[in-house]
Amino acid sequence: MYLPEYYEFCCRVKMIAGHDALEKIPEALAQLHAGRPLIITDKGVSGAGLVDTVVDAIKDGVDIGAMADDVPQDSSLKVVNHLADVYRDNKCDSIIAVGGGSVMDTAKGVNIVVSENADDLMKFSGAGALKRALRPLIVIPTTSGTGSEVTLVAVVKDHERHLKMAFASYFLLPNVAILDSRMTLTLPPAITASTAMDAMAHAVEAYTGLAKNPMSDANAIAAISLISNNLLNVLKNPSDREGRLALANGATLAGAAFSNSMVGVVHALGHATGSMCGVPHGVCMSILLPYGLEYNMRKNAHFTGELLLPLAGAEVYVSTPKHLRAEGAIAYIRKMNQDIHNATDGRHARFLEEVKDRDGKRMVPREKLEAIAGAALDDGSIFYNPEECDYEDFLMIIRAAWEGAPLDRTLIKGV
Amino acid sequence: MDDFKEITSGNKPFKRAYVAIMLWFVGRAIQAAARVDKNVKGEFKKLPEGFTFCLGVLPKGPYMIVGKNEKGRVKYLGWEPGGRRIDLDMKIKSIEAAILMFTFQESTAIATARDRMIVDGEVPHACAIVRVLDIGEVYLLPKFIARQAVKRYPAWSFGRKYIGRVRIYFRSILGY
Amino acid sequence: MFFPDNYEFYCPVKINSGNRALEHLPVELDALNARKPLIITDREIAKKGLIKKIAGAFKDSGITMGIFDGTPLVPDLKLVRRLMNNYRDTGCDSIIAVGGGAVVDMAKALNVVVSGRPEDLKEVAGEDLIKNPLRPFVFVPTASWTGFETSRFATLGELSFSSHFLMPDLVVIDPRMITSEKANTVVSTAMIALAHCAEAYTCPAKNPMTDTYAYAAMQFVTENLANVIKSGDKKGRLALANAATMAGIAFSNSPRGMVHELGWTAGDISGLPHGICMGILLPYILEYNINSEGHHMSDLLLPIVGPEVYAGTAENLKARRAINFIYDMQHDVHDITRGGIPLTLKDAGISKDALQCIAGATVGDGHTGFNLDDCMVILEHAWEGKPVKGGLQLPVHS
């Protein structure tokens, strides 16, 4: 097992998981000396009836202070301040966030405002600005992908001042993450697949990146094995509660791994593709993941090779010669993408050219690839990538991922 | 009671002095490279006017500050961050961690991966500055050391590498 | 991978491990809003110069710290009260425990009283009676562990405490502090970690989070133990400290198993290091439970032996092979130490008459749920060195 010269690891979030984990919320709140939560969510989540499930599960045990389902796709300062007022007006003492990344970001922002009585949230952005525990925050993810239930960052946009405020502190970590199979049971197959592959990319990049460490590695290995073992079953049988719960656990484990060990070139390019062309993050991740691994092979083929064990199981791992395991792991992920493509009637794209929007229009035109490569240079994930990435490197990777041909590794600089 | 006592932590003046000299040199070398190297020039061109960058050691220095003035010129601004607005603040967590970096036992990338630094500021700016630092290391350090410090040692032309190196050393020492 | 219908897991511990880890302490304390730590340790550790190393790590930080280096083997309430006064009089706001066992137990108890939650420890002795977060608490391990350090447990004389608020906020594992120790200490530390993890990993209440910590810790132990005893391998020592840290976390989130309970009592009664007793008992108890309802014995083979053997072993033989591996490991350790580490309770110097006493004391306090006959069967076999279920008829792998 790999032990780096130095590492730090921390994941202070209490996990409550199961088929009736929601019912444990009142007790968890009581342990945090709270009992009047503000529930924060978005229209999509409440429209799907998930908030009703949460409310039904907890209403006998707690006194719900208020419920707000107006979090927009993009977190914004105005909404944060508005929800803080709702919190105060209803004398809430804690927050329950039900949803995905933007709901969690918003909830974390609200928590800073109500805990610190902040009139200007900006004062609390940046490292080390928060000095003490905030109000109790319980999060309930409704997709199995982002891992934001265990991350210590939040981004809130101030649309009036055109500012993007980033917050990072251990105090932003939720106190409790609730993983309940009911929350993801109705997720459509294509979204189930792309979010699961998002989690897969977190785990794989954490395991193969520069900041890997034994704790992150252990979390990543468990995540990869859960996702690899369960994703296709769940796509074929969406009401598989066990499989759903396994994917939710995989996403959280992957979140713990990457929030400590960070990610690399796959995320740098994926973020750029997402912001330039609006491609859903998970779709970018699943497409780019094998390319990123290929690109980094000169530096970390041995680590990539080790991933064949959790991906494919002990039999395949042992029967593959050691020097071919990295290629085996990459091929396995490509095959997963193909299998998902088949299982979702072709809705899961295998390469960037294939990504279509709702109207069937191609989302990533070839002429945007240069701009994507340029934008990737500004992404912080590249710090943690084992191999150097300049503009030409990014362009080479994104072109291959656009066409769907494996990377020609002889073209990588310095090989 | 003789089994309980209070002590005040001492100082590490020599290590601080060494890191201070290295930071001073890095600051002046960035200023020089911004005149000499086209890539460094390009990186600074994209940064906003009046941009300031501080690299230092917690909790009380030493520091070095580099800024870009309204005319777009990059200047080493000294070792006193006091009162100045800093856009990108990179703090090494301890003097020992700084020593690991400035004796080239840990590269910028490895130090970042090992949580040795706290970075405050916009991520794209940090990306640009790290590229500048990497280029600076290739100029300033002999190949066998620089190879450890950067992820991929670049294939530069003879002129860029050796003439550039002489020019940057010359300018750093003279400070223009 | 086994998946329970419901589980909870909590680990508030941050781990900093490796080169120059101590030097990050001032930044870490600042993040915990602490300015003046009280360092708690014992004479032996101070004599090795380890406290000087910690004080050296604070150079340039301007921090003043209190140091208490007189922790006795069995700390008591009187001492805790005295230190509470020292802590308050000198304006300390956090605790750094340096070294394992009694030092950490006392530091945890002290943290409860200085946090005023409450000052009278007797009020919170028991399960989950501490209701509020305590002051910042940092643990800096040395090479000697009891396995409770990173856990939710603490004992002080007759009082025992269990609360996740007792887990350290931060564990700082620095190779300069993990000194080379005699085989007894190394093996005891490693076997406690292995036993806690093996029990967490195979018990019916296992979950993916405890599995994660246990898996990594077991790998570290099996890959490094022999090297550390043989050559004092520095990186291996660091790996074992990492394993012990993780084991405490897995242990805190699992029911206490039979290896822990019997081994602990055997250690208390015989005066042997607890980990030596747990190490002897481990394979016997795993074997005893091999077919027990709900246990996941076959899972053990992958982390402790690796994928090659795991993949090459038929499903119904996996558990037996894993247990054989642990027997083999015991023999290796025994050989490397030229018999210094005993293979049986008899060799360890425990008299046969003491077995009844160990079983009785383990079952006696009632909370374990084990029965006397089971305990006696195991103890007698481990005393004689006779496999519990008539031996494992399996070609012993080499």
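Worth a mention:
We call the chains A, B and C, going by the order they appear; numbering starts again at 1 in every chain.
By our rule, contacts are C-beta pairs under 8 Å (C-beta built on N, C-alpha and C of every residue); 3 or more make two chains touch, one makes a residue touch a chain.
Keep in mind that this is a model prediction, so the values were computed, not measured.
The interface with the greater count of contacting C-beta pairs, when A-B is set against A-C, is A-C.
With every chain reduced to the mean of its CA atoms, the largest distance from subunit B is reached by C.
Distances from each chain's CA mean to the overall CA mean are smallest for chain A.
Remark: subunit B and subunit C have CA centroids separated by 43 Å (rounded to whole angstrom).
A straight line joining the Cα centres of subunit A and subunit C is 33 Å long. Listed for subunit A are residues 4-8, 128, each touching two or more other chains. Residue positions 114-115, 118 of subunit B each touch two or more of the other chains. Shared interface positions of subunit C, defined as residues touching 2 or more other chains, are 18-20, 24, 30.
Touching subunit A in their complex are the following residues of subunit B: 109-110, 112-116, 118-121, 123-124, 126-128, 130, 150-153, 155. Listing the residues of subunit A that touch subunit B in their complex gives 4-8, 126-128, 209-211, 262, 299, 377-380, 382-384, 386-388, 413-414. Those residues of subunit C whose C-beta lies close enough to touch subunit B in the complex are 18-20, 23-24, 26-27, 30, 55-70, 82-83, 86, 90. Residues 1, 3-21, 24, 30-31, 33, 131-133, 207-209, 211-213, 215-216, 219-220, 223, 235, 238-239, 242, 246, 302, 307-308, 310-312 of subunit C touch subunit A in their complex. Interface residues of subunit A facing subunit C in the complex, by the touch rule stated above, are 1, 3-12, 14-21, 24, 31, 33, 128, 131-133, 170, 213-215, 217-219, 221-222, 225-226, 229, 242, 245-246, 249, 253, 309, 314-315, 317-319.
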